[in-house]
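One chain, chain A, appears in both complexes that follow, with chain B as partner in the first and chain C in the second.
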Partner chain A sequence: MLKYIAGRIIQAIPLLFIISVILFAIMNSIGDPLAIQLSQGRPPTGEERLRMRRRMGLDQPIYLQYIYWMIGNDWTYIDADGDGDTDENIRGPRKGVLRADLGRSLITKQFAQVRIMERLPNTLILMIPMYILAITMALVLGAISALRQYSALDNLLTTAAFVFYSMPIFFISLGMIFIFAIGLRNWGLPHTPIAGMFEPGEPKTLTNLIRHLILPASSLAIIYAAAYMRYVRSSILEAMNADYVRTAYAKGLAKRRIFAIHILKNAALPLVTIVGLDLPFVLGGAVITESIFAWPGMGLLFIESLTRSDYPVLMGILMLIAVAVVVLQLLTDLVYSLLDPRVALMGQTG
Partner chain B sequence: MADKIGDRSATKTRAHADNFWVVSLRALRRDAAAMIGLAGLLLIILVTLLSPLLAPHDPLYQNYRARYEPPGGATYPFGTDDLGRDVLSRVLWGGRESLGVAALAIAIAMGGGVVVGLISGYYGGWRDVLIQRVTEVWLAFPGIIFLIVLVSILGTGLEKVMIAVGLTLIPGYGRLVRGAVLAARAQDYVLAARALGARDARIMFHHILPNILPPVIVFATLGLGSAILIVGGLSFIGLGVNPPAPEWGAMLLYARDKWRQAPWLSFYPGAAIFLTVLCVNLLGDGLRDALDPKLR
Partner chain C sequence: MYKKTLLTLGILLLITLLSLSPLAAQEEGGTMTFAISSFDTLDIHVSGDGNAMGIAWLLGATLVARDNEVNYHPWLATSWETSEDGMLWTFHLRDDVTFHDGRSLTAEDFVWSITRLLAPETASPQSGRLRSISHAVAVDDTTLEVHMNDPFPLLLEHLSNTGVVQPYHPEFYEEAGDQFGREFVGVGPYVLEEVATGESVTLVRNPDYNWGPPFVMNQGPYHIERLEFVIIPEPSTVLAGLETGEIDYAAVQASDVAYLRTLDHLTVLEGSFQGMLPALHFNMSKAPFDDIRVRQALNHALDRQLLVDVILEGHGRPQYGPISSTIGGYWEGVEEIGYHYDPERARELLAEAGFADGLELEFKCLTPTFNTLCEVIQQLFGDVGITANIVLVDASVVFGDALAGNYDVMTLGYGASESDILYRWFHTSRMGALNPSRAADSELDRILDNTRKDIANRDMWVNEAQRHLVEQAYVAPIYRSVNFVAVNNRVQGYLENPANLATWAAFFNDATIASE
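Right, the complex of A and B next:
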């Protein structure tokens, strides 16, 4: 088992390396980080731009920039004042990604890891409750729907799932805002806030946070639950008709036990795969939802950084996601082998 | 001798294939939900194609005397926006962009995926390893982030969005096709074609492709729905179609800060996207059931 995990991690290293090279090249070509920078309150002149570029190390060839990004530049001398000559007594300040330094944001000058760690908790605050809600809804409603197949309730639930599954996230979010934030307030009822995590000047209490969380989390949860419910329903139906379930009934096992152990456990497998594929992207935040609700998470940080070509932050976010994909794929396979002893870990490739 | 055997098996395969499509079509026709989806989709396509004839106003014309007209009026059934542009005309015209971009993006994804998947699955070996590694890298990114990166490289605008969405979706189709090809490669009809001396390209496109088409068609139909959502989503975060061109997602973005005064500005384009995706998904679900012999 440990050997298998170690093997998978070692296999992932070249993949992550290739991803980082490609991304670095792309991120460096998408725009000029100096385009929106000011020097003493006005756009910099040509001379000043050149100086800023040298100070940021952006004048270096891209492979050198990549090496500095990866292993840092504290082993070499840099052009600290931007006059075009390497200063023979000043070493670079960067430690490199391998030593947990993602570089400084070109805009705010904060460390990229600091920028990301500011936002990551916000995204998790949004996404973890959302995911728990979505999976619970999907399992419960999917199970009810499958157990009462072709009943009025099943038809209602499958239709609802179908409708929400087809609904664009921005449509559902705007609808929620319209009903629960604007409508309820116009009618003088208790209502939810429209956007943000806290109102300005409000104490940062848990209650306030939850009030702000309701709309974005439930908008997302409805859509995820609708998609997952369809899988749960069909895989429970499939398991219910399987031979081993008939055998279990024939053995005279209690219905409840058959459902919990024979049906649900087998029906959970496809859900594990799908959730495992979806989860890493949770770290990237829900770009659209976060921008509708002005939720200061990773998705919003990504958009902000992209429009300013702030490549250290962009690289940080993207590499975080890439690592999460690798780790969660491994976890998915492990959970899979726990749920289904037929799946042999060692026999798998890739 | 060999010719005869080959001929017979080829006719047999073709006759079987014909039956399959006929039977599937019959199954689809019996599916009320799928037929509603198909009818709805055809209606939407027809209406958007005829938008120059149907739209009562110029979608870009700004009538400053009729700003924020609420919907329901005779001149402006869907109301007007803050610049006095007719929402109905904009929704009608917007469909051309939204649907066209999504459909072409799916065509790119499907075409690319079929070629890549066929090569990967049919030849195997280093081509397969190479393609699968690239696919893994490709899939290691959240769709929307990959898209945003692509759009920022290519720039905004219709055809750029189309290419970006198409490229993003290729690996999914590639994987699907590869899996189907791997299963088909060992079938008798492929061995027969090879025994007759058919070239690789002929075997791939003439013999294997028609046989693996059903899942690809289902995937593409269901994919069209998500492509419409993606195009709309990209426009909604400002990375899609350039304003002032009417496009459903872009209209929603434009309406975003005006929902207090004018909720209809968000409602109509949002409902248009929703209804289109709903019809596409109804049809796609029906196709999946109809084309899957196991479910029949």
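Right, the complex of A and C next:
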């Protein structure tokens, strides 16, 4: 088991390296961070642009920029005044990703890892309750739907799942705001706030947070639940018709026990796969939902950084997601072996 | 019976008084909530964000203040004079101004701030507009000298307008270190309470503020106790917040104005765009755009009124000169000599230039700002036999392409508050810094040089520059847009600021806010 995990981790290193090279190349072609400042009506002159580029290290060839990003440039001297010679007493300011320095944000000059760590908890506060809600809804509704196959209830649930799954998230989100923030308010009923994470100026209490969490979390949960429910329903149906379930009935086991152990556990496998694939992107936040509900999470950070070509931060977010994909794939495989004893984790890495 | 009537009258009077009292009682206090779409850092020397500049402006003050009629008034400086040759400006500062931490403001603080703003290490995107300043010297605590590299008649505009030249607190800056920008100490009417990253910025009233500019009634502390700036990137959410009253102030889109005007609790303010108009720019270093007939033809092909009606839903005005009619130095003559819609003439000019069978060009379009605008223009071009292939480019790319000359025709607009933008945009020396037209035109350079040198006749030279630019069809101006801000009616008494100086559409010195 340990050998298997170690093998997978070693395998991940070249993979992450390749991902980082590709991402770095893409990030460097999305635009000029200085041009953004230009477009906002504050033009640096040509000479000032060059000076700013040197300070940001943008004057270096891209492979050097990548090396500096990866291992830092504090071991070398930089050419601060642009006279072609490196200045003897000025060392590079960066430590590199391998030493936990993702570089400074081009906008706020904070370290990218600081910016990310400010936002990551907010995204988790939104996504974890949302995910628990979505999976609970999917399991309960999927099971009901499967147990009452072809009943009116089943038809209603599957149709609803289909409708919500096809609906764009902004439509659901804005609809929720319209009903629960504006509608309820106009009728003089208790209502939710439209957006944000806390009421500004009020103490940051748990109730305050939950009030703001309701709309974004349920908007997202509806879509995730609709998607997962359809998997749950079909895999439960498949398990219900399996031979071992018929055998279990024949043995005279209690219905509840058969459902919990023989059906649900087997039906959970496809769900684990899907969730394992989806979870890494949870860290990246929900771009549209976070924008609509002004939730200060990773999705918003990504958009803010993208529109300003703040690539140290963008690289940080994307690499975080890449690492999460690798780690969660490993976890998914481990959960598999717990759920299904036939899946043996060998020492092999293939 | 009589007694009863008296009682009823008394009660009625009381009710009337009570119902009036919220306005009367709400002289001081209250919280006003602004929705902003983005925010980066209060260190406005390095910020590139208009909202951050606007918030910093409420935390600070500048040497002079500009009013709506473009007059400059004393603010932190009680008076100023400029030397004969325009190379030295002397400002006499007030001696009663204090920072939020209680320390008195001195001329040294201004010297420190201007030095940092201009220092190459700061790499300030703002330094471009102040590059005429050589350095600043504090003669004594209240006398500040600003030495120039070249005479720059519009210095006061840049010392007032955006609030970027406000005094920083040097010791506080050192103390705050990396946190500076999320912590801030200034000399303004509001004190920073909190920057909640990605969420909001909260300011509270500075009760010691007593140095407001003279063109507002209240020079003392502002009336509104707290200002909350909530970051909401999505316009539909902002709309919902305005509707429920959770948001008191927000910039809104033209398409929502008609609906917002139907709501009784909101007032929609109009501001007008200032600067280099949204226009088609031609790469004049490239054939066939080096041919004036082609540029004139493209100008004649634009039905500007149609574009105003379709794209701006009627909120705006067709324009014929390079700069907007809302900035000082605009020359009305461009409306007469400009190129009006005339598809026949456009076709003739194209035929004369040798494109009787049509012309194909690449049309770079800033997305998403100008998407629909470009599509309509593509149609108008089609009407005169020009095939424009639209290439959508976003803000991070558009200026890079423009400066590198990597385009045929492109849409560009650019904010500016005074006519010196003509020099900064079109002078040959500005190629690579701005000057997307890439024209090396010695006659134009001579005129533009004179706008900076021959100060006595500056107005004449600025008019001349506009005449030349229109005659040579350097650009095809399109329209001047109008921007909108919705304000809840519980905010009263503000002074409208249509030029949106320092971001906001109003001065809030005299404003009060009623409780809900």
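One rule holds for everything that comes next: the second predicted complex is superposed on the first by the 333 of 350 C-alpha atoms of A that agree within 3 Å, B and C clash if a C-alpha of one lies under 4 Å from a C-alpha of the other, contacts with A are read in each partner's own complex, and residues count from 1 in each chain.
Just so we're on the same page, a residue touches a chain if its C-beta (ideal position, glycine included) is under 8 Å from a C-beta of that chain, and two chains touch if they have at least 3 such contacts.
This structure is a prediction, so every number in the text was calculated from the model and none was measured.
Student: Spot which of chain B and chain C makes contact with more residues of chain A, would you?
Tutor: Higher number of touched chain A residues: C.
Student: For A:Leu98 in the superposed arrangement: first (chain B), second (chain C), both or neither?
Tutor: Once the two structures are laid over each other on A, A:Leu98 reaches no partner at all.
Student: Applying the touch criterion given at the start, work out whether A:Ile177 contacts chain B, chain C, both or neither, answering first, second, both or neither.
Tutor: both
Student: Would you check which partner chain A:Pro193 touches, where first means chain B only, second means chain C only, and both and neither mean what they say?
Tutor: It touches chain C, and chain B stays clear.
Student: For A:Phe293, is the partner it touches chain B (first), chain C (second), both, or none of the two (neither)?
Tutor: In the superposition, A:Phe293 contacts chain C only.
Student: Should A:Glu304 be classified as contacting the first partner (chain B), the second (chain C), both, or neither?
Tutor: second
Student: Of the residues on chain A, which ones does chain B touch that chain C also touches?
Tutor: 30-31, 170, 174, 177-178, 182, 291-292, 303
Student: Contact residues on chain A for chain C in the complex?
Tutor: For chain A paired with chain C, touching residues are 30-33, 35-46, 48-49, 51-52, 55-56, 107-110, 115, 118-119, 122, 170, 174, 177-178, 181-182, 185, 193-198, 200-201, 291-294, 296-297, 300-301, 303-304, 307-309.
Student: Give every residue of chain B touching chain A within the complex, in rising order.
Tutor: Residue positions touching the partner: 132-133, 136-137, 140-145, 148-149, 152-153, 225, 229, 232-233, 236-237, 249, 252, 256, 259-260, 263, 266, 270-271, 273-274, 277-278, 280-282, 285.
Student: State the interface residues of chain C toward chain A in the complex, per the touch definition above.
Tutor: Chain C residues touching chain A: 31, 33, 38, 40-41, 43, 46, 48-50, 120-121, 123-129, 131, 178, 181, 196-200, 202, 226, 228, 230-234, 236-237, 240-241, 243-244, 246, 275, 394-400, 403, 414-416, 424, 430, 432-434.
Student: Using the touch definition from the top, list the residues of chain A that touch chain B in their complex.
Tutor: Chain A residues touching chain B: 15, 18-19, 22, 26-27, 29-31, 162-163, 165-171, 174-175, 177-178, 182, 280-281, 284, 287-288, 291-292, 302-303, 306, 317-318, 321-322, 325-326, 350.
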